[in-house]
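By written order: A, B, C and D. Residues from 1 in each chain.
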Amino acid sequence: MTFGGAELICQLLVGISRSMILFIVCAGLSFVLGVLRVPNIAHGSLYMIGAFATFSITKMFAGSTGFWIALILAPLLVALVSLIAERALFQHLYQREHLMLLLFTFAISLILGDLVKIVWGAEYKSVSAPALLKGSISLLGASFPRYNLFLILIGPLVAIALWLFTIKTKIGKISRAAAVDREMVGVLGINVSWVFAIAFVIGCYLAGVGGALVAPTVSITLGMDHTLIIEAFLIVIIGGLGNMWGALVGSLIFGITHSFGVLFWPQFAIVFPYIAVVIVLLLRPKGLLKSVW
Amino acid sequence: MLQVEGVMKSFDGFMAVNGANLTVGKGEIVAVIGPNGAGKTTLFNLITGTLRRDRGRIVFKGEDISELPPYEICKRGISRSYQIVNIFPRLTVFGNVQVAVLSHQRKSSNLFRPAQNIAVEETRRILESVGLLNKEKSIAGSLSHGDQKILEIAIALGNEPELLILDEPTAGMSPEETSATMELVRRLAKTRGLTILFCEHDMDIVFSVAQSIMVMRYGQTIIQASPEEVRNNKEVQEAYLGGE
Amino acid sequence: MERVIHRRNFLLFPVILGLMFLVHPVLDVKAQGPIKVGIIDTYSGPPTTYTYDVRDAFKLAIDEVNAKGGVLKRKIEFTTRDDKFKVDICLSMAKELIMMEKVDILMGTINSAATLAVSEYCKTEKIPFIVTFSKSEKITGEKGHRYIFSITENTAMIGKAAAAGLAKKPYVKYWIAGDDYEYGHALADGVWGNLKKLKPGVELIGQSWWKVGEPELTPYLTAITAAKPDAVIFATGGASMVNAMKAAKATGFAEKVPMFIHTATEHSTLAPLGLDAPEKVIGTSNYHFYYPDTPKNRAFVKAFKDAYGREPKVGALYGYLAAQFIVKALEKAGKMDREKFIDALSGLKVDSPVGEIEMRAFDHQAMLPMFMGVTKKVREYPFLIASDIVTIPAKDVMPSIEEIKKARGQ
Amino acid sequence: MFERMIRSNWFVPITVILIILFLLPIAAPRFYVYILALIYVTALLAMSLNMVVGHGGMFQFHHAVFYGVGAYTVALMLTKTKLPLWVGFIAGPLVAAITGLIIGWFCVRLTRLYFGMLQISLGSLIWAIVFRWYSFTGGDDGIHGVSMPSFLSSLNHSYYFILVVFLICLVLMYMIFRSPFGSTLQAIRDNAQRCEAVGINVRLYQLGGIVVATFFAGVAGVLFVVLERSVFAEMLFWVLSLEIFIMCLLGGWFTFAGPILGAAMIVALRTFVGKYTEYWTLILGVILILVIFFLPEGVMGFFQDLLKPASKELSERGR
């Protein structure tokens, strides 16, 4: 089978746009992993809540404004949920065994999953893209969805914002230090508990952003958390735990190998991510980029 | 018995050990001293195989051990204790030492005999020699800091080493505990015929116990000589003794 | 002191056991109690789009019957269990319904693997089991037996129906894409095998398969567009349906390449999409609430809407059919005897919202007609509906008895 | 040894429980017999996982694969070949252990989360094979109605078979738990670095632990086939792995018998609570959080602390 250059470029762009959503979600997961050392299974549930909240908020307004408002509000709602969970429960557990924290986040994901079902019901939901981003544009003769173009633009923006946050703001610097040596941060007289809370909320906020951004492209269903979380963990692992750029590299690897994979070896599409992880980990046992663990 | 020749190790471009030389003769008690960050612990990690040296040679009983993994080095007769307590916190005191004894007797892979009936005598003898026999049933993580440091040494003895490496054996101990511990070390060396390599901050201890002292700075060996010579060495005084 | 605690600890065990016995309802005296139907289905996650309708329509029909005094002067009672779309839970729950609740008839399941597992169990326990949503053709085909009935379409039927419809279209170069699991592959094989038979000139130029639940289908669609087929057969179900339709709309795929998706025209797919669904997609379905426009169907739709405030989807037809078959078979059997019930149900005909449906005696597969249509926006509804509907009669849809025998190795 | 057993505090309660378990099928409704048998199978699976997680300290994130491999091996041998039953029963655990050896060989090179994620990836490849190879494994439809010989045909017979195998495995696992190998594994869990320093080849022992654990997981897989007569691709999916992981943590992963309790609790919860509400996962979540907050060592760990007031006092004095 032969493909023209236009199709290949199109496929590459589709892969990148898919990577961007993965990146935004994984950057959040990786951030929490780095600072709090917690593998947050509930991250997927928060992403799901982000998508469902986007659906509800979009429906409240007529026309396209709803989606733009949802893009702001839905992640904030997710952040609020995570803040409550962190302050009420999670903050008391940081001294525990890692696996206990894993168990805790799993319990939270169970609860959130059922809460979503209670609030939104179990049926599929669908959000339409705003008018501005509907349909597709012609790109070298092949057609390319506008919404995916939008994703390609927004991904780097989030990356830059996050990067600026970690190097410019005080909280960002502290949380970076906490990732490396949390005792030192405590010695400096910084309230570690609040640093953790803020880091956790920011990580979860990104999950919400991812959920809001993905909403127009998929059917919003219960169980979308499961599909995502395992992929997100694999990405974070191959990128290097706690490394934001690692999350970006991992997402790009996943997105691009996937989109070219389905072009050339569609019958093996389901194993691509796993093979990618096996190869990366056997060559670089601590992930591609420097891990904070 | 042990020769370290021109060993180097860098972490991300930082030279933690940059040309260390050390000779330990059989039956000797040798101390390594140097300011914080001089590379003492890194050197011990290199000797025991926890880290792999970038350059240089480590020879034990005529064999180059610098490429061997830690467990192989241990099997050749080198045991160590750690500066920061490094025990098995969820096992009993007895269990802590027994792990080492079993490993030494090559019985660790036995699947079906109850461990409580194996190597009991040896383990208890070691516990008795360090004075922890009365606490053998306690969970190691619940011991006092001083006892945990002693347990450190006891675990290292479980392998019946020829060379025992002690990384600041008295760190965090009260003065009484410190002198008791050093007395214990000296006694062990005598009764078991051990060769001992240790590092220590307390200069009084070093100079009273060690037969030979190696001084490190910035990862480099300045000198290895008898306590007398070291005390009188100008460079050492400038670099280290004078500084404190 | 220590011994006391020991004893308390082991006393706990008999106490728990005792509690288990207490919870266990005493059901042995049930001679003239209600007839019990157990429904085991997925009531969490995406499949609820279908299963809730099955349950609700079944309840609607049963309530009607009970209001008139029940069947054989006994009421019909049903209990539901959620299997979470998991085979092992489904098996446990089915066993619980049979052993503890002592149900007379079991129905439900949307997960094919779970259906096959429960089917084997029902065979050993001699319990009639009516499948309401699983699409595997093995259920009444290769693995069929005396105790299993299916009142839903299966992959073999979809294949036949789709091929019959597509053979009339002018397309030659096809591409097949779908969910990478048994349903997808079986459906694709069914459509393609039959299409090849009806129209030997067709050509398969490529295939793509994605994992079940794959959220982003755009890369697949752009890959397919690049190959320039005349038409694409999508073998997807469940949540992937909605994803496929969305991606088809966003990439403009639907306007460029004619696409066939089974259930694309079905209300379960079109309702959540609202006006975002692509037009001109060819689809097949067992049921539309607006077609066939018969008094019987109108009455059913009205009753369903009055009760639940929404239009019935295809699942509602299955639930309603199940109730109709059960009630009529019981009446015919004369009493609640499982063997007699099965004899009565085999070959039984009921007058359903989509016309008269027969339960084929040989393989216990309900003979359902299929409706092929094309998605279209209309003014009356805030969602798309099927237009240009062609009815493919049951006789053209059903696998032949020879085929079933062959599959069973007879 | 026997004498010591009789004199032990545990002898009377254990005997009583065993007698109850053996007599149960006579009096109890069939469904309870079935659920108990299911609990044994699940408990065996959870305990085999706990050998590496709780006692070995490894992040064995995809244990279900080995369970599934054991189950598929026996199911395929019984349906596709004419080999006698016992060959399948032995082959199941062996193939599972060999799979464990291969996957473990790669995994022990890594640590913690990396170990776990590599295992998920490798395990998922096996899952994908089972899921995709329709002609051989039946794909995602699985294999159902595996026929059993007459001595296992009735529920009560399979109950006794499962109970006996379960008890044998329990004794073997307990022996391993208390053996030098077991205590070495526990030492590795506590402090792998220190173990290397006392002459233990940590990776080799971890690999050994994985092989032993996967063998027992394979046994559990075989027992599952005996009980349910079905295998399906879901048995190798990571969601199940997570579930059994949770059972270990819930029951108490530092204790020997904790996973039994964890497995019993989860099976009972989903069966008996699942009857009344579709939101039983919500209830499970709440219970888990309560356990995390109030019983940090798991449910069994809590009971053990109750039973050992002496050691608890000691530990407090130590601080």
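Some notes on this structure:
What we mean here is this: a residue touches a chain if its C-beta (ideal position, glycine included) is under 8 Å from a C-beta of that chain, and two chains touch if they have at least 3 such contacts.
Every value quoted in this text rests on a predicted model; they were computed, and no experiment measured them.
With centres defined by CA atoms alone, the chain at the far end from subunit D is B.
Chain centres defined as mean CA positions place D nearest to the mean of all protein CA atoms. Once the centre of each chain is set as its mean CA position, subunit A and subunit B turn out to be 47 Å apart.
One simple way to say how far apart two chains are is to compare their mean CA positions; for subunit C and subunit D this gives 35 Å. For the pair subunit B and subunit C, the distance between mean C-alpha positions equals 71 Å. Annotation: 33 Å between the Cα-based centres of subunit A and subunit D. Within subunit D, residues 131-132, 281 each touch two or more of the remaining chains.
For subunit C, residues that reach two or more other chains under the stated contact definition are 43-44, 180. Residue positions of subunit B with contacts to 2 or more other chains are absent.
Pairs of chains in mutual contact: A-C, A-D, B-D, C-D. Taken in their complex, subunit D has these residues touching subunit B: 172, 175-176, 178-184, 186-187, 189-191, 193-202, 205, 208, 212, 254, 311, 314-319.
The part of subunit D that touches subunit C in the complex is made up of residues 9-10, 12-13, 16-17, 20, 24, 28-32, 34-35, 38, 131-132, 134, 139-142, 144-145, 228-230, 232-235, 270-272, 274-275, 278, 281, 303, 306-307, 309. For subunit A in complex with subunit D, the touching residues are 39, 89, 92-93, 96, 98-100, 102-104, 106-111, 113-115, 117-118, 226, 230, 233-234, 237, 241, 270-271, 273-275, 277-278, 281-282, 285-287, 293. Per the touch definition, subunit D reaches subunit A in the complex via residues 53, 59, 106, 109-110, 112-114, 117-118, 120-122, 124-125, 128, 131-132, 238-239, 242, 246, 249-250, 253, 279, 281-282, 284-286, 288-289, 292-293, 296. By the touch criterion given at the top, residues 1, 3-4, 7, 10-11, 14-15, 17-18, 117, 122-126, 128-129, 134-136, 142-145, 147-148, 214, 216-219, 221-224, 227-228, 258-259, 262-263, 266-267, 269-270 of subunit A touch subunit C in their complex.
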